[in-house]
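In the two assemblies presented below, chain A is common to both, partnered first by chain B and then by chain C.
Entry: the complex of A and B
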């Protein structure tokens, strides 16, 4: 008891001699958990600021009236929620959104359908060259889209002739965006679905086939329902990717809403050669982001469980 | 209902012959068990009947229809799997009615059949449970109901009881027999469990190395095994074997001689042969008086005793130096004897035993084929060798 008390007094004397920072360092050395927690908060606040500040800034821009669009600080120069209405009056922004939505949804369906068939084959059959084929597939998905733009543009504008039949005119249709964007995102989906379909026990597929399905029937009635987290992950990721896609969205349409131009063209549509209505562009951006934000919030649990359970076998 | 015929069915995987020229004819309504050690091809044989595996060669008929290349759904079969394989995302009703819904049965008929099937397996009232909420035995009943409900021509069961605990397994065994009796459907049953094979089947097909060794009623396989493999595989604990040669007065080996007249059997003097005798057909000479045809006495030393309750298993050493090798009961210098639990037998005791000649089997060493069952001289025995009628269970 006595020695303990003396030690305490000694250390008390010691602490009185030094500044608060040194004291904090000393206590952190004694109790490292404090330092870890401090680091955690610093990093978390940093990431939250870097991701959320742009959104806040968009909101500031959107709420600022058009005539006050210079020298904007951290607070809007005025309050003009009318920008969120104006965007629909100046341009048919809802049509652009609808276009993006249809394109993203259609390519998600395409990717899940074709990706499921491919994932079934990659996951449940053993054939020579399976690993090499998967590698090639993944490699292609890492190519920059610009590598494909010239041949694809030729193809989609009807300038490729095969045996006297010219390719269909897909420019200014949703297919011009959803086909290349979906195709580039397909390999990752195939990869995700492969790991999921591989884990379904053979016995369940056998049972389904004995009960009266074909192999494809067993895929859709048993394997896909049991792989729901993986299918949801692949679907949500594809949807977000295609919805956010810039490159083909910009180049494969002339930018008219009636020509299936996506949101990108809507947002850019508020600038003309001499003016740029940044408040409207900001408002449009916020409205355009909302569907994806809602989707992520709703599906985040599925996505996280899907991404991790693909990697870890139970 | 239908008979099942396999003609020259062969299944080769890359470098393994899983099923080798299998010929089977299973009449309508019969309960046939395919039995054999792990990897013997019994499951592959069943998969070719189910259509989950295409045979490399050969033809399969169900009824009069050739089904060799038909997909499983068109074969009129139902199957119960070892791992039960209920669809985890469906409740009991959906699991049982899965096949009916695929075949567009109307709702009333589906309901009626599901209720019937659930009643047969005593699972009525649990139709809205999910598989994860049920015990192993309940799941297996649902799997059986799923097979029953389509009223298939042939039932295939691939070790359906293997994943159940011992007590439940015995119970489900009788349940399956009851269901078979009620429905009279042809059943092909795969197992490596002898007790299941012996108790449930009309006939047992013993398979080894992808080849059919013997197909016969259980007691015939037990009493008249057609070769060394069947003799060693059927029966637990397994048969004792001793290798020797045919001498002028019968079987001769280092420790055991059995007198018989070689001229009455299909053997020549000098042939290498093996005799087999089951543990319950060896007697201490003290009680051998009840055996009408005993062999000459053999002097042995008792080693390990295994009291089982209804019998005592005694490991006998034929020589001083011999060591008991429990892993390999077929090693030549030991015998396993089963005696009455009341007998006062001790470890390390010298004891004289005799074999019951009516129950000795004689095999050709080279081919493994059985030559005779029962080495009793025709003049002494009532019937010819190999036709003793009494059961031995």
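Entry: the complex of A and C
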């Protein structure tokens, strides 16, 4: 194709009286591949601009000094990186971030431990009720969280009595967010793990059993190490989902950093001040995006395979 | 551990509860062993999902308790649902009308349906575009993919914050742009305009999800089909219509189903941009009635929301079954 293009360009040199656009159109008609190529680049640039421009503008807003905060253009009116320091001084933003990390990591560990067992069973065993149980899991992942919020709220605030014992006070602890958020995203992880466990050849498991490992030993020493990519995929997705979660993060804490409120409350915190601290909101948003942005760059293969295998299998 | 495990069919006696448990597990048949390993997952779901769902339904059959002495009033059967669907609760138990309609439940329903349909349609179209771009071989493809995925991966609250700032009068560049197409100067305080902005924000964030699923569908197409088409003189558009679309359609439907179910529960994005009083969705309605302690009403709305989502799911499943047969 490259040689063809060169030929067209050469022939274009002979017709110097026509403009470059006409020349391009003529050569495109002769060679439609070129037009498709151009369309492709236009589309690609359009998508890159629309996805990335809001982040660039956020950075411009964050770098604009407080007194110049009006009609922000393409470049900041001034340069004030201090906003990235101020966000940590006005609110304990680092504590909110720490809380979010703890909640997201803990629910990832929970989902992987419990989900691995379930994924292993669904991937490698055939037993009565298998289809029905998987269907139940699928249904759960569709249910809106508003369907559970009220009883869960009562459960976590110690207002439910079971045999005279009131439920533990989990409100304002990390569990109030990580249990429901983890449980709601667990079915997706189970589906991902099921597909990975299914791909492991039976022979390896049998060999391990003959070597004298127990069933559970075979799971932890043979199956899980072999399905490490699947476990990593489920882990990355669960972390991202819980870190990004809004519903329970918003309703299951009172928003105080010392009460395990996640990053959501930090980002919204600059909104309720008397002065409108738009540059701080922007700076906090950028800092809050960084962990997941890094994760996407490092683990994009995992994310892509996880989303597609988790969603398209059933 | 390894020495104790070399028990032969559990005859060997070994001391310790731990070894006893191991032996018991080893002697289970396959089905029992499977149920045992599934137990933790379903136990967690029982506490966090099944019990609350059942409880939600039971509460929805009880009247609101306004005295505050008890959490709920007397058993009223399906009265909450009847009152909700016939509009008797409007302005009494439900917050006064938000949208340009006179009934809060219907306006919440309309907001949710408009948001869901419009955002899913745009996400599908743009997602197809993104998938077609990512399906090409070119240098830097990896980085383009990262750029497209990043909006999908950011927290909802930050997505909301970005669009809140973009459409903040005097701050964001978005206000001038939407004013040019006839919006007011404060678009986030007007219900219809804010709904449009929220839809845009959702399209911006979740198109990537559609794109990745559609891309997986595109990559399952056998490339030699295109060569055959080229030889027989089919244009690019014909190739797309006759080869790509029929093969990718089931995948697209599954992706649309997932997005529809996700979009129909919209709550956080609204709370982080315009607020639930400006753009009430069904989930918003549940939270606002819940926070005024009208538990009977809140749970009835929650259950109706779940039922509507279920109906949407069935609709897609039927379409999916047809498209599979049609191939």
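To be clear about the criterion, the second predicted complex is superposed on the first by the 269 of 314 C-alpha atoms of A that agree within 3 Å, B and C clash if a C-alpha of one lies under 4 Å from a C-alpha of the other, contacts with A are read in each partner's own complex, and residues count from 1 in each chain.
Here is the rule we use: contacts are C-beta pairs under 8 Å (C-beta built on N, C-alpha and C of every residue); 3 or more make two chains touch, one makes a residue touch a chain.
In this text the structure is predicted, and so the values were computed from the model without any measurement.
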item	value
Partner chain(s) touched by A:204 [first = chain B, second = chain C, both, neither]	first
Residue contacts with chain A in the superposition, chain B compared against chain C	C
First (chain B), second (chain C), both or neither touched by A:214	both
Touching partner for A:151 - first (chain B), second (chain C), both, neither	second
Chain B versus chain C as contact partner of A:225, first or second or both or neither	first
Contacts of A:289 with chain B and chain C, given as first, second, both or neither	second
Common interface positions of chain A, toward chain B and toward chain C	212-214, 217
List of chain A residues in touch with chain B within their complex	201, 203-204, 206-214, 217, 222, 225-226
List of chain B residues in touch with chain A within their complex	50-52, 71-73, 77-79, 81-89, 98-99, 102-103, 146, 150
Residue ranges of chain A touching chain C (in the complex, touch as defined)	32, 36, 40, 43-44, 47-48, 50-52, 54-55, 57-58, 61, 69-73, 110, 113-115, 117-118, 120-121, 125, 127-128, 130, 133, 137, 140, 142-155, 159, 179-180, 183-184, 186, 190, 212-217, 240, 243-247, 249-251, 263-264, 267-268, 278, 281-282, 284-285, 288-289, 292-293, 295-297, 300, 303-304, 307-308, 311-312
In the complex, chain C residues that touch chain A	1-2, 5-6, 22, 25-26, 30-31, 33-35, 37-38, 40-42, 44-45, 47-49, 51-53, 55-56, 59, 71, 126, 129-130, 132-133, 136, 142, 144-151, 153-158, 161-162, 164-166, 168, 170-173, 204, 208-209, 212-213, 215-217, 236, 251, 254-255, 258, 261, 264-265, 267-269, 271-272, 282-283, 286-287, 290, 295, 298-299, 301-303, 305-306, 309-310, 313
